[in-house]
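Going in written order, the chains are labelled A, B, C and D, and every chain counts its residues from 1.
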Amino acid sequence: MDSNVKSIGVLTSGGDAPGMNAAIRAVTRAAIFNGMRVFGIYRGYKGLISNEIEEFKTNSVSNIIQKGGTILKTARCEEFMTEAGRKTAYENMQRHGIDALVVIGGDGSLTGAGVFANEYNIPIVGLPGTIDNDLNGTDTTIGYDTALNTIMESMDKIRDTATSHERLFFVEVMGRNCGYLALNSAIASGAEAAIIPEISIEKDQLAELINQGFRKSKSSSMVLVTESEVTGGAMNLAERVKKEYPQYDVRVSILGHLQRGGSPTAQDRILASRMGVAAIQALLENQRNVMIGIRENEIDYVPFKRAIKKDREISPELLEVLKISSI
Amino acid sequence: MDSNVKSIGVLTSGGDAPGMNAAIRAVTRAAIFNGMRVFGIYRGYKGLISNEIEEFKTNSVSNIIQKGGTILKTARCEEFMTEAGRKTAYENMQRHGIDALVVIGGDGSLTGAGVFANEYNIPIVGLPGTIDNDLNGTDTTIGYDTALNTIMESMDKIRDTATSHERLFFVEVMGRNCGYLALNSAIASGAEAAIIPEISIEKDQLAELINQGFRKSKSSSMVLVTESEVTGGAMNLAERVKKEYPQYDVRVSILGHLQRGGSPTAQDRILASRMGVAAIQALLENQRNVMIGIRENEIDYVPFKRAIKKDREISPELLEVLKISSI
Amino acid sequence: MDSNVKSIGVLTSGGDAPGMNAAIRAVTRAAIFNGMRVFGIYRGYKGLISNEIEEFKTNSVSNIIQKGGTILKTARCEEFMTEAGRKTAYENMQRHGIDALVVIGGDGSLTGAGVFANEYNIPIVGLPGTIDNDLNGTDTTIGYDTALNTIMESMDKIRDTATSHERLFFVEVMGRNCGYLALNSAIASGAEAAIIPEISIEKDQLAELINQGFRKSKSSSMVLVTESEVTGGAMNLAERVKKEYPQYDVRVSILGHLQRGGSPTAQDRILASRMGVAAIQALLENQRNVMIGIRENEIDYVPFKRAIKKDREISPELLEVLKISSI
Amino acid sequence: MDSNVKSIGVLTSGGDAPGMNAAIRAVTRAAIFNGMRVFGIYRGYKGLISNEIEEFKTNSVSNIIQKGGTILKTARCEEFMTEAGRKTAYENMQRHGIDALVVIGGDGSLTGAGVFANEYNIPIVGLPGTIDNDLNGTDTTIGYDTALNTIMESMDKIRDTATSHERLFFVEVMGRNCGYLALNSAIASGAEAAIIPEISIEKDQLAELINQGFRKSKSSSMVLVTESEVTGGAMNLAERVKKEYPQYDVRVSILGHLQRGGSPTAQDRILASRMGVAAIQALLENQRNVMIGIRENEIDYVPFKRAIKKDREISPELLEVLKISSI
C-alpha cells in the first residue's frame, strides 16, 4: 500500500457517546503504528476552525479506554455550515500539515464531513458514534450498547421501587424518532411494553396493555417510552392513565442525560477499537469519504452518502419477544 | 432475660429504602434464633388490616440481603389512621398470636407505630428505614448510604457529558426539606455547589457560583438541587440562568425514583443487619416503643417520641469542604 | 401449526451462566402464551432422575430476568450417562405428562440431550448457555457478554493498582482451551496482550511483549492469560518473568468463579429472551433435537450433532487490533 | 491564624487505596484556596529523593475525584529509610521551596513521615490511606469503604454460582493480621462465617460451622477468610474440608488485587475530601506531625506516634450479628 497520508487529525463531533475515547485511542495508535503523525482536534469542527489542535503521542491516549465522554470534547458548530468556516478549517489543517481526518460522530457530523471532503478534496473517514444506533450501513454504532445497559441498570433500580409499591411506571428514554433503543431496553429490563414512534399507539392498546399488566399479578408494571412528539412522551401518557384509570398508582421517570455517560461496555470498547484501527487501514488503502461500518461482525466501508440517518425498521420478532416474555 | 414475646410480626411501611430486605432477614433470623415465631406482614399497615400475613422461616429470607426494595412490599395506609383500622389490625395480630411488632420505615410509619403501641399496649420496635436520613436519635438510617452512592454514580455519568460538552447541569435529587443528602452527594460527586432548602439562596450567590465555576476552567459545572418549594427545584433555577446568563449551555436532570432502588451498599446491609438483630434483643429486654438508632457506631434505643423527623443542622464544615474542594 | 407438544419441561445443566434465568423466563412464558403447561426441573438431569419437578406459572418467573445464576439450579449428573438413569428420567417425564424438553447448557449438556432424545424419541430443543462462547452453529452464547464485561470491570480495578504501582500484572481468566474470551477481554480492557492456547507462545514473544510494554511508557502492563495447560496459566508465566526479568514488579491475579456470576448484561438478557421464545416456536413447528443459534442476528435451528464444541478460529483482525491499540 | 507555611508538597505512599485521588484533589485546592503553592510529588518518598516534583494548579486535580488508584503514583522506597536518602529528600524540598508535606498512606508511610519530620523539623500532616482500616486514632481510613463494597460485589457474583451449584466457597480477602475487613464483608455479603486471625479456629468450630450451613438448607455456603499465616488462607481450609467432608463440593476464590482498585464510594470520597481540607487547616494552625483522624464523625488531630498500626479489637456485637443473621 502506498498512501499519501502522512499526518491525520482526529475529532469528535455532535452528541457524546461512550466509546468515543476508545476510538480516539485506537485511531491515534494505529496511525502512529503506521508511521503517521496524529493531531487531536478539540471541540469538533469548532476547534478545527479556532485552531485548537495538539499533536498526540501514544501516551496521549493512555488510560482512557474505560472513560465515558470524549477527551477531545465535542460541540455543535454552525460556522462549519458556512463556506467561510470550512475555508478557515482547511487552512488550519494545512498549517499543521494534516492530510486527512477521522471524524467520530453521528448523522449530522458525517454529513458535514462529506461536504468538507468534497469541497477541499480531503480524505475523510468517519466512525459512527451515537447512542441511537440510527445510521445506515452499520449494524451497530459506538455508544449504543453502553446506553442500552445504562437504561437497563436504571430500570433495575426503578423495578425495586415499582415492585415494592406495586406501581405503574412510565420511563422515558432517548431516541427521538427511533424506537430501537427503547424496544431493546424494554426486553432487557423485563418491561411490559415499549411505546415507540414507529408504532402508532391507539388508546385501546394502551388500555389493553395496562389491564393485562395489572390483571396478571396485581404487581408492578414498567413501560418504556421514547421521547418524541409522536409518542407524546412519558409525562403525557401518565396523565392520560391517571385520568382514565384513577385506580393505578402511576409514576414517571425521565432518564435524561445520564444515558449518554458512563464507562463503555466491552462491546463498545471492542467495536470502537476495531473501527479505529480500520479507519487508519482505510486511509492506507486510499479510501476516502467512507464511514467504517460493521456488518455481520465484519468491518465494512460505507460511502458517506449511504451512511445517513435511517428509519430502522422495527423487528417484528423483537416486538413479539417483548409481548410474550412479559405476560 | 425473661421476655413475654413469643411471636413477632415484621412489616415495612412508607417509602421503600435499600437495605429493608437485609433488615427483614436479620429480624427474622434473630427472632428464630431466640426461639420466637415470625410473621411477615405484607404491604405495611394495610396488610395488617387486610390480614396479609404469612409465617416466615429462616429460608423465607434466604438470598435477599443483596436486593433493593422490600420483599414484604410497602404501602401508605390511611385506614390505619382511624381507630377502626387499628382495631382490625390488632384483631389480626391476636388471630395469629403475634405479641409484638417490628416496624421498618420513616417518620410517619414510626409515629403510627407509637399511636398503635399505646392504644393496645403492644411492644413495638422501630427501625429507621429512609433514604433521607432525617430522623432524630440516629446518626444514619437504612437506605441513606445507598441513595448517596446511587446519586454519585449518576453524577459520574452526567459529568462525562457535562465535561465533553462544557455544560452547566442542574441535577435535582430527593430530600424534600432536608438538604443533607444533596450536600453530601455534591461533595462526593465533585459538584460545584448544592442548593438546599436550609440555606436561602440569594440571586447574587447563584451568580457568583456560576461565574466562579466557569471562570475557573471554562469547563463543566454541576450543581445539585434538592427538590423543594424553597429551592424552586432544578427546572426553575435553570430557567433563571438561561435568562440571566444566556451564554451558558444549561441542562437539567431530575434523577427521580431510581434514587430509591438498587442493591444496598455494604454500609446499609451491615447497618440493617445490626439493627435487625438489635430489634429482637430490645424485645427480649422488654423494651417497647423504641426505635433502634446508631450513635457513634453503637446501638441505641430511642423512644418513639424522640425519633421524629428532625431539622438536621447543616454542618458548616461540610459546606466549607464543598466550597473549597470545588474551586 | 399443529404441534403435539402440550406440556414441556425446562432445565439448566452444566456450568451456570448469566442469562439462564432470562431464558427460563422466556421459555416459561412463551409456552404458557401458546397454551402449553410448563414444568421446572431442578438440578438439571439429576432432578429429572430424582423427580424434582414443579409446575411453573407466569409468576414463577417474575422478577428473575436480572438475576445471575439459575433459579432451577444446576448440577453435573453421571447417572444420566447410564441407560438406567435415562430410563428413570423418561419415566418421570411420563408421570408428569411432559412431552418435550428445553435444555439450557453447554456442549456436554446438549450432547446428553441428543442421546436422550434419540433413545426415547422425545422432542428436545437446546439453548446454548455457557460463558465460553465455544459452540458451533451460533455466533454467541448466553452468558458470554456478561462474563466479558465482568472480566473487563475487574481489569479496570486492577489497572488502578497496576498504574499506581507501575506493575506488570498477569491476570488469568476462564476459557479452558478457548482463547476467545481472553482475547476479547484483552482488547476491551486495554491490556497489552492475551496469551491464549490457540497461539503457541515462544519465549522471545513473551520477552518482546514485556519489553515493548515497558519501553513504551515505563508504566503499567496487564497481560491476560487463559487458564490452560497449553499456556501454563498466569502463575507459571509470572514465575518465568520474575526469573528472567527481575527488574519488573510482577503480580498475578486469578479471577476465578466471580466470572460466572453477576446480573446479566442487556445483550445476554435479550439473547436469552429471543432464544427462549424461539425454543417454543421450534417445538410448535415440530422441530426436535436442535439447538437455537443466532447467526447474523437471526434465529437459526442447529442440529445437535453440529452444535458441538468448536475450535473457534482466532480472528487475525482481533489479534491485530489488540497489538496495535496497545502500543 | 498566622502560618509560616507558604508552599506544600503532597505525596501518596505505600499500597494504593481508592480515595487517594479525592484526597490529593482536596489538599491541592484547599492549599491554593489559602494562598499556598502546591507541589505534587510522584512515587512517594522515592520521587521526593529523585526530584520528581511538579507544581499543581486547581486544574491539575480536575476530574479525578472518581478515579481509583493515585495519579501521583506510589512506590515503596528503601532509600528513605537511610539518612542519606532523607537528606536528599530534604534538599529537594528546599530546592522547590516546599515548607511542609502532606503524606497520604498507611502505617509505614506515616512512621517514615514522623522520622523525617523530627530530623529536619518539617511540618508534616498525614492522611490515613489504606483499605485495611487498621490505624489507631481514626474510626475509618480512606479506601476501606470501597474495598468493603468491592469484596461484597464480588461475593454477590460468587453467590450466584454457589447457589446454582449448591457449593461451599472459601473466599480469601486482604487484611493480613486484621480481620476487620473480612468480618464486615461477611456480614454485608450474607456469608456464613469469617475466619479471621483474631479468633483461633479450632477444628470443631470449622466442622460445626460447615454442618450448620449445610444442615440448614442443603444450599450454598460462603466463608470469608483473611489471607494470613494464622488462618492458613482459603486454600488450606478448603483442602482440609475436602479431606474431612468429601461430600461437600468445595471451591476457592482468592480475590487478590482487584480489592485495591475501583472508583471510590461516596463515603471514601467524602472522607478524603474532608481530611484533605483538614490537613491544610492543620498546617494553618501550625500543627505538625499529626495524622488527620475521624472520630465520631468529627475531624481529629492524632500525633504520629499514636497513629500506628493497631490491633483493632474484634467487636463481639459484629460476631454475634454475623452468626445470627446467617442461620
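We adopt the following convention: contacts are C-beta pairs under 8 Å (C-beta built on N, C-alpha and C of every residue); 3 or more make two chains touch, one makes a residue touch a chain.
The structure presented is a predicted model; accordingly, all values stated were derived computationally and were not measured.
Touching subunit C and subunit D together: no chain. Taking the CA centroid of subunit D as reference, the farthest chain centroid is that of A. Spacing of subunit B relative to subunit D, judged by their CA centroids, is 28 angstrom.
Mean C-alpha positions place subunit A and subunit D at a centre distance of 39 Å. We define each chain's centre as the mean of its Cα atoms; on that basis subunit A and subunit B are separated by 35 Å.
Residue positions 156, 159, 163 of subunit D each touch two or more of the other chains.
Chain contact topology: the protein chains form a single closed ring, every chain touching exactly two others. In this structure, the chains touch in the following pairs: A-B, A-C, B-D, C-D.
Those residues of subunit D whose C-beta lies close enough to touch subunit B in the complex are 25-26, 29-30, 32-33, 58-59, 62-63, 65-66, 139, 145, 148-149, 152, 156, 159, 163, 184-185, 187-190, 216-217, 219, 263, 265-267, 269-270, 273-274, 276-277, 296-297, 299, 317-318, 320-321, 324-327. Residues 12, 16, 18, 67-70, 73-75, 150, 154, 156-161, 163-166, 169, 251-258, 260-262 of subunit C are the ones that touch subunit D when the two sit in their complex.
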